[in-house]
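One structure is given below, represented as structure tokens, and several questions about it will come after.
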Amino acid sequence: MKKLDFEKPIVELYDKISQLKELSKEGGMSLEDDIAKIEKRAELLKKDIYSQLSPLQVMQISRHPNRPDTLSLCQLIFDHFMELHGDRAFKDDPAIVGGIATLKKHRVMVIGHQKGHDTKENIYRNFGMPNPEGYRKALRLMKMAEKFSIPIVTFIDTPGAFPGIEAEERGQAEAIARNLREMTGLTVPVVSFVIGEGGSGGALGIGVSNKLYMLEYGVYSVISPEGCASILFRDAKESERAAKSLKITAKDIVDLGIADGIVKEPVGGAHYSWQDTADAIKKVIQKDLNAYKKTTDSELFVEERYQKFRQMGIFSE
Amino acid sequence: MSILDWFSQKDKSSVVTEKLNIPGNLWIKCTKCAEVLFLKDLDLNHKVCPNCQFHFRITPEERLKYIFDFDSFQEMDAHLKPIDFLKFEDTEKYVDRIKKAQAKTQKNDAVVTGTARLKKQDVNVGIMDFAFLGGSMGSVVGEKISRLIELGVENKNPVIIFTSSGGARMQEGIMSLMQMAKTSAALHKLAKVNVPYISVLCDPTTGGTSASFAMLGDVNLAEPGALVSFAGPRVIEQTIRQKLPDGFQRSEFLLSHGMVDRVVQRKDMRETLSRIVAILSPVACEL
Amino acid sequence: MKKLDFEKPIVELYDKISQLKELSKEGGMSLEDDIAKIEKRAELLKKDIYSQLSPLQVMQISRHPNRPDTLSLCQLIFDHFMELHGDRAFKDDPAIVGGIATLKKHRVMVIGHQKGHDTKENIYRNFGMPNPEGYRKALRLMKMAEKFSIPIVTFIDTPGAFPGIEAEERGQAEAIARNLREMTGLTVPVVSFVIGEGGSGGALGIGVSNKLYMLEYGVYSVISPEGCASILFRDAKESERAAKSLKITAKDIVDLGIADGIVKEPVGGAHYSWQDTADAIKKVIQKDLNAYKKTTDSELFVEERYQKFRQMGIFSE
Amino acid sequence: MSILDWFSQKDKSSVVTEKLNIPGNLWIKCTKCAEVLFLKDLDLNHKVCPNCQFHFRITPEERLKYIFDFDSFQEMDAHLKPIDFLKFEDTEKYVDRIKKAQAKTQKNDAVVTGTARLKKQDVNVGIMDFAFLGGSMGSVVGEKISRLIELGVENKNPVIIFTSSGGARMQEGIMSLMQMAKTSAALHKLAKVNVPYISVLCDPTTGGTSASFAMLGDVNLAEPGALVSFAGPRVIEQTIRQKLPDGFQRSEFLLSHGMVDRVVQRKDMRETLSRIVAILSPVACEL
């Protein structure tokens, strides 16, 4: 598994522990006490490092190639999941997936960006960057969910909508804009999770929800720190500074009133345990769906969503 | 990503005109055809080059003058002001950028909203000002656009918005992104009560603005030659590593790709808009 | 103007009349009596020929290159007409046009197939054969009309939906099917005219209407006589027989209860006078829109349309 | 235009199997991979070639047996019969064609409709029969499909239709075209009461059938390798004057072009359908 720069001291400690264990076994020496000590130190170091990550380091975790993807989470979270394909007009976009699922007594429509874990997968998934038909597939499935009164769960994980010639030709702007408007009016609850990278309009395009949760090391930003830095500082290397200014971490997003809560990840990040991550998300979904099940007037879902976004904005009057 | 462009573009392909070094600045050189034009003639021609039909960027005040009934505009929410709530700092503080833009444009932020009359028909009008921080959409723009649309829900008069914006205002971080959802949500309310919304795409309309209220008109019109895109040309060129074809992402390109209903010359805008309003408006119309 | 085969005797007579007139002028001879006689004969011959055209001959008139097209009719019929473009997803299809119009106190949304009158125009218009985006543009405009309570008028004139690779890729079948379903539910009246060629599903795709009128020399068919002949008789030359069997003329369509009436054309066909043709259509539109204006419950438009199509079909029970 | 194909196709690429000259016809050669198969094995394998997964065309009765709960099917409207109301005559009279098809299939027309149970869930089912005049849609097919859908409006149980049809039945002229509108209109009624409709596209589904109820499922499924198109391959080849690529207009092609939700092996159809019905059905479901 790919190690991030700031993980190196931890990795080194764990390597040492492995060596000691090996030694202890082979040489018959009793090194348990030393090992226990170092293990304790490693745990502390890990907690220490992960408690003071810079926003850019968090972003690195959010983009980790082994981070759990939408389809894998669907398998881990739901009792059954069946993918549904296509926008019924142009193409099935592999960068956005969706399908129907069950979770105990709940029926769910799941929609999410889909990244890959290796080069081949990433090329197929276009690195999780949707084309317009991806947003249109998402909208089709959301309308289907609305028709059959099925709550919607979305998983956000994209560097952004794809900036390509054909995407522009087919109306990337139109597709996202339409989703923003139409998601507002859905008469079913929508619960969203930023499971990795929440990249700008491409993320928001499936993120107009009643509840929004950030995974602990997920990020959500109006522009990538690299892009911001290259515009404002004329230097992409200033992305550390840009990342700080933009306020992109889970805590920032909650503090600004955009997200409703943070879903804890395993120490080190979701890529250390997909199952634990899935379990944590599952709990939140169940809690929210149980609560929403009590709502009998479906217009309340629309009103809640409208009010939530209506009050976003900070200005003086 | 979406905003990457207007910033760098400003210098390169902007339509800011090159004023010739003649006392009184009475002469101006067309950005497109380089023809030297008498400033007063240009004004009389709705700031459109008589030689090549190039549409110069204009101020909200000029737009009001060219299109709506004389003196009919009543501004609202002019007092809303942006706040540097993130203490955003790049090479310059956001708070200082705001001050400069306010001094330059004599406006508090990048959009002017209010009510007006169009050939005697009451309408709700918003006009973005690219001169104010590239027409970028922060909390104030989002709020004013949303209130304008909500006014339409209330008074049932058609809403007309002229867009000109580089996208979301990154100095307001994630909050600027949310203005996309907020304005689009307002449009959902408007659509539910069947009040017409006409979007007029002016140069340039990109990023978060194009991917929200700008593209959602019942009728989308565009001024000739306007750049309208989600991703800016520079970002796309970086992605595909080759030059883009001429006319890519311009109004006429959007027309042929089904995104806008009509490309309308500035001189025809008043007539075109009033006719559309007359036909779509649920208010009884005298045709 | 292109002359059809069966028009030749008439054309010859009129040529003779012209010659006689020339002679009369030049030679100072008084031939008025003869000319009047021949003119009368020509008129009779014309009426005679046009009263016993074979279905295939009618089809030739319906396809005449100088037959009035949708956009020209819009200019001639309505007080004002403004074309609106685009499907908001892929392309503006030149083979289907539409726009808003006024006719006295009526507001109208007009939609129609668009053919050209010469090769260049026909290539641009794809000979009036729409791609899926044409049907999707039509649907967008119809939904807009419904939103603003604007009655819809459609002009049908197509050999059929385009049978091309890209049309299939983008869902020609889906686009037409969706229009059939969605047109059913429109809460505004829809009045359709077969102004030329009503070619199969490609015609029906904008033809699910409350009232359907055939122009006198318009045709409406499930398959082109040529296509039918080449399938059933394995010989395209048998199209005369096929055209007869298929029952494609205005009278047939009315007799079968599919169309509500026939709009008279100038003798010889609409291409002899666009203005007269437009006036005749205009009258019908005004009559119907005046009548529909009295309907206050918009669900009645839906119900009328549903019942109309529901009862189409002949079988034994 | 749409129907041009199945007619000529029948000989060329049809899946009608070549029976080997062995007493009792117990052996059959796969149309696709030419493997010689024991007929009984093929039956046990849902008429799917164990070697290449080629899905043979099957009768409505076989489909009922493979997919729905044992003996749960209740047919309706079986008595509806076609009429040769146009006195249509080509090389053969329509009335004679009908008689032959009825004798061959033991059915009055090209679709079987009724109610059935699917893993104990009540559903409304229609299954087209390609063996009856190429599954073509005339007045009877249109009427039976419409009644089936209207039953769904009434009893609120999901509607599932298996399509297999060359398109409209030209011997009924314009009336066959109108069945497209009639069936689609019925689906509008069904959609309004939020009852699920699942379309299962089987080989082949073309022309007027694909351009009406076949493509309008809330969920569209397809059997592997089924030809699904508006215009048939032969017409398109004539238009573009070149051979079409392999796999063009087959189920997998439609999947990648966004037209169908899933391509489902015949052996998985029962499970897939019952799961979809359980999730979409407004009737309280035991999951």
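We call the chains A, B, C and D, going by the order they appear; numbering starts again at 1 in every chain.
Here is the rule we use: contacts are C-beta pairs under 8 Å (C-beta built on N, C-alpha and C of every residue); 3 or more make two chains touch, one makes a residue touch a chain.
Bear in mind the structure is a predicted one, so any value in this text is a computation, not a measurement.
Looking at the partners of subunit A and subunit D together, the chains they share are C.
Taking the mean Cα position of each chain as its centre, D sits at the greatest distance from subunit B.
Interface comparison, B-C versus C-D: the pair with the greater number of contacting C-beta pairs is C-D. Subunit A and subunit C have centres, each the mean of its CA atoms, that are 54 Å apart.
The mean-CA centres of subunit B and subunit C are about 42 angstrom from one another, to the nearest whole unit. Inter-chain spacing, taken between the CA centroids of subunit C and subunit D, is 33 Å. Averaging Cα coordinates per chain places subunit B and subunit D 52 Å apart. Within subunit C, the positions touching two or more other chains are listed as 88-90, 169-171, 174. The set of subunit D residues that touch two or more partner chains comprises 191, 257-259.
Under the touch rule stated earlier, the contacting chain pairs are A-B, A-C, A-D, B-C, C-D. Within the complex formed with subunit C, the subunit D residues making contact are 1-4, 7-8, 79-83, 85-86, 88-91, 138-140, 142-143, 146, 168, 170, 172-182, 184-189, 191-192, 207-208, 210-216, 228-231, 235-236, 239-240, 244, 248-249, 257-259. Residues 88-90, 132, 136, 169-171, 174-175 of subunit A are the ones touching subunit C in the complex. Those residues of subunit A whose C-beta lies close enough to touch subunit D in the complex are 79-80, 82-93, 100-102, 105, 107, 133, 137, 144, 147-150.
Remark: subunit D residues 191, 194, 196, 218-219, 255-262, 272, 275-276, 279-282, 285, 287 touch subunit A in the complex. Those residues of subunit A that touch subunit B in the shared complex are 159-161, 163-165, 167-174, 176-178, 180-182, 184-185, 199-202, 204-205, 207-208, 220-224, 227-228, 230-233, 241-242, 245-248, 252-253, 256, 258, 305-306, 309-310, 312-317.
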